[in-house]
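Take a look at these structures.
Presented sequentially are two complexes of subunit A, the first with subunit B as partner and the second with subunit C.
After this line comes the complex of A and B, so read on.
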């Protein structure tokens, strides 16, 4: 293949700069959307608790699970007793999902059965039948956290295209981060050096370089793990099933999940779930996030208790019990039936991507690095806009688009939270109104972007709107739930106070940015006027 | 003097085809073939998990090599060899038994 454009010898530095710029420019805005919502997704559990003004009651430890399970099982179709999952939701209910497995209308293997929500008094407050994915998609208690996480994972595009796009964005981030690293001539100097412009403001390129340099290891890790999750889910696992299992996805899932293909369904009384839970809690010094009971009431019955990483541990833990006699069987690896390199890798990838390896502290570090990565994306695109505006006047649309995306997305996300609270207060469908509020805000932001001529003024208006919503949301949350900080302190509800505090801090920061921008403009005006009057003085002196 | 380039000029660049579609296809072939030749281990899951995890890494290594190399011919040969070797492994996996 001949190529006239290719120069025989390219400068490596120029090639890297070109790659770094284009990987950011072409997908920069979408990358920002994924990084921003990913930063929020790090605290999705906390957002879930905050949005419901809830504190996890450890109901799996305090409720009589045996009794509730027996009552529910008696009124449930026997086919759904194949597997029962149980966990506590964000509204102080224990959720039991009695299900079997079958293909959903999209052709994907799914759970199908009946879900019961049982309150602290043992009363059924909600009952739904259907596919697990549909039931979860309609669960109002997760409406806000689910919506924000779904932007991060698939940008709300239909499967598998959303996952493929986020996978490509992960690769683009990997390219931008690695090329950014390779471009450095003085890595350690670049960690700290911000030179000043003539007007005393920090040099834009240095701010981008410093933030980028600090977040390079984080960006590489997150881009790599993120693209793995997206591609593996979108096409990797089905493709592996074709090669390694002759297309039998069920056989592959059984190998990965570590389940025997054929189980005896001969009836046999199961041991006490409460007893197994007590043993698991005692040994792990924590309450399981969820439990899965397989083939309950048969001689194949087993119980798996799933634990988030506990103090000093990096990975998740799964304790398996023989539910016919209540005896502990094994610590089950995350993947497969016996410890393996593949399982160890998977156990590491999850905590690395989600920042769950050291509780709230690791999450705060992940959020900080996520914010730094957002800043790198923003300043990267702003640099490009700034450079082109200097060369050609027709490039103002790019700056306008940057303001629309960078300031508009947080505003739309905050609006979805507003929609969640207001629809909840009005007893409306929160799963519907949370995304609708986001879309309404997006339409409003787009309209304002088209109407307001000054890009600076547009940015200030959007900043004020962001600041106002950040300050208002904790108040609205309090008004709709009646759950204030005094109760939160009394109960030790750290998640709620953390999200409230972050919002208040962001609100103050937005208004400070508006104030600083106005001050800077005033001082620019004063300086221009001083120069002009000095110029006039010089001219009149010369005339005399 | 600034010469205005056609927006789709990259389509005529050999490096675009090398680092873009060719690298992606070869990475996919390597990942799929790994399911056949990578030792499954005692848990019989390594040949599924490791290729999936390696996919972004293999792609990144091949991409940066093909993008930065001055010797395009060698890069083409490397991709062709990888494609043929992994293609043969896959063909054997499907039709050779």
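After this line comes the complex of A and C, so read on.
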């Protein structure tokens, strides 16, 4: 009877193992790319500040926004006064984007208008006209962080294919996590032990299982929220526009954002922006990340101040002011005009996915979760390569591919940072050279992978290159900006010191790995020689 | 900042509990004995005690929820995950 019961359980476990393995093997390398760059994306703001050696000056709180806005509005086409967004960039400028909304050449609703960058002295340092997405894509101050985040969100594939692919990868991660959880029958008994192989190294299967088991809840959470982002943008919103709004994207956005379709454009003096900002800052005990001013100078004028999560909260906060009299109106829900469960959930998805709800501390924890997920992907694919290599020698290409991807991607990402700094120092186009450096490094890594025959040697070379770049980047950043640690400590620039320190630690770790690998090989070699000489001794004794 | 400071003791508590659970894990002790001939930590816990210890990891959820520190709650859950993985990954010979 028990045999009869065990049969279906075994076949179910086998089916789950197949599902788990194939979802990992087919999409594992791309999944690793998305998880690795996602881990970097958690600190994209800090990477932005670090790459520009900048400290946020809280300019929305310290500058005379009213005065700058009035000067800029006077020289701007009235059509673009429909909405004005303002925020501080990574180069100590206030960015004002006077815009209206219209479809871009890809058929997607976009912002169109004039962007001004104004420095601390109130001087315009840059002026651009065009679609918001194009202007942002050419902004050099965000070149590095934007490039790394874009690999995570859409793998640099054209829309909507990149989003669809990352959505599928999120689902593959979800399938792998759930099937891994279901097929492991001794989940909690195996949670605390990693067995060793005969050579003393940890058993690959146990390393994979332990890391996978501990990170299951977050793997599911991050995979789900990531898939949601990808599919909502690629499918959800366009589908909703077609089904519920007859294809009218503007009407859909007005409903989602919770804005009146027809607003009065009758002129009326607006209240002081500085006053509303001071009130918002006082109430939230923080400076807004950005502000959006709608229909400025009309009787429909309003101001929305957007804040990162405050003390103990997880979701973002949006304070809305009536800009005709400067009075606070409401905390605006993210979706629609009245608070709802859907809006509450929506406002939680971004902070939970990127860990941006409690400053650097939550980001450090989220980075660690990303590293754990990378480790699960790496050990999973290595396990598969190891098992197949033992059975068939033709599978060495898989191990080679693992080294190419796992060690090559960090190297290419570091090279893009190198390209950013060098092109910046040469006054070249950083938005161009950052991705080009990544591609050049990718070509170089691929070439080396094809040329070097020994997989171990290949791994060591790539580790040394990673380590060297990790150690060199903080020095290059210092040489190109002249901004050192003493100034960073004086200014309390934690983001800059954090990224520098992480890079130095990673550099040291890479060289330690190379050293440990050489030591292990030497001891293996000595042990083999000892066994061989013992064997020779036994044979010669027997001959005598 | 206060909510971060309020979360830190709970994270340290989880570190202690996970260390205890890892050190007293029968399979880990068995492995250690197999490789070193002895177990470095001379204590074992009954499976009932280990179960209570494991459930105690859920306790910090209550004060975090009641104080409305939802960010702390998420950080605590993330920290337990990371600490658990890192402690178990450390070689059996180290503890």
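By definition in this document, the second predicted complex is superposed on the first by the 534 of 544 C-alpha atoms of A that agree within 3 Å, B and C clash if a C-alpha of one lies under 4 Å from a C-alpha of the other, contacts with A are read in each partner's own complex, and residues count from 1 in each chain.
Everything that follows uses one rule, which is that contacts are C-beta pairs under 8 Å (C-beta built on N, C-alpha and C of every residue); 3 or more make two chains touch, one makes a residue touch a chain.
Values in this document were obtained by computation on a predicted structure and should not be read as measured data.
Participant: Check subunit A with both subunit B and subunit C modelled on it and let me know: fit or clash.
Facilitator: Fit.
Participant: Going by the contact rule set out at the top, does A:256 touch subunit B (first), subunit C (second), both, or neither?
Facilitator: After superposition on chain A, A:256 lies in contact with subunit B alone.
Participant: Output check: A:228 vs subunit B and subunit C. Expected answer is one of first, second, both, neither. What do you get?
Facilitator: The answer is first: A:228 touches subunit B but not subunit C.
Participant: Check whether subunit B or subunit C contacts more residues of subunit A in the superposed model.
Facilitator: B
Participant: Who does A:170 touch here: subunit B (first), subunit C (second), both, or neither?
Facilitator: first
Participant: For A:309, is the partner it touches subunit B (first), subunit C (second), both, or none of the two (neither)?
Facilitator: After superposing on A, A:309 lies in contact with subunit C but is clear of subunit B.
Participant: So, A:365: does it touch subunit B (first), subunit C (second), both, or neither?
Facilitator: It touches subunit C, and subunit B stays clear.
Participant: Can A:189 be said to touch subunit B (first), subunit C (second), both, or neither?
Facilitator: second
Participant: Contact-wise, after the overlay, does A:209 reach subunit B, subunit C, both or neither (first, second, both, neither)?
Facilitator: neither
Participant: In the superposed arrangement, which partner chain does A:141 touch: subunit B (first), subunit C (second), both, or neither?
Facilitator: A:141: touches no partner chain.
Participant: Upon superposition of the two complexes, what minimum C-alpha distance (Å) separates subunit B from subunit C?
Facilitator: 20
Participant: If I apply the document's touch criterion, which positions on subunit A are contacted by subunit B in one structure and by subunit C in the other?
Facilitator: In the superposed arrangement, which is not itself an observed complex, subunit A uses no residue for both subunit B and subunit C.
Participant: Of all residues in subunit B, which touch subunit A in the complex?
Facilitator: 9, 12-15, 17, 31-33, 35-36, 41-53, 55-57, 59-60, 63-64, 67-68, 70, 72, 90, 93
Participant: Which part of subunit A faces subunit C closely enough to touch in the complex?
Facilitator: For subunit A paired with subunit C, touching residues are 189-196, 200, 202, 207, 210-211, 214-215, 217-218, 309, 311-314, 352, 355, 357-359, 361-362, 365-366, 368-369, 372, 375.
Participant: For subunit C, which residues are in contact with subunit A within the complex?
Facilitator: 1-4, 21-22, 25, 27-28, 31, 35, 67-72, 74-75, 77-79, 81-82, 84-85, 88-89, 91-92
Participant: Can you list the residues on subunit A that touch subunit B in the complex?
Facilitator: My answer: residues 1-6, 8-10, 12, 15-16, 19, 170-171, 174-175, 178-179, 223-224, 227-228, 231-232, 236-237, 239-240, 243-244, 252, 255-256, 333, 335-343, 345-346, 349.
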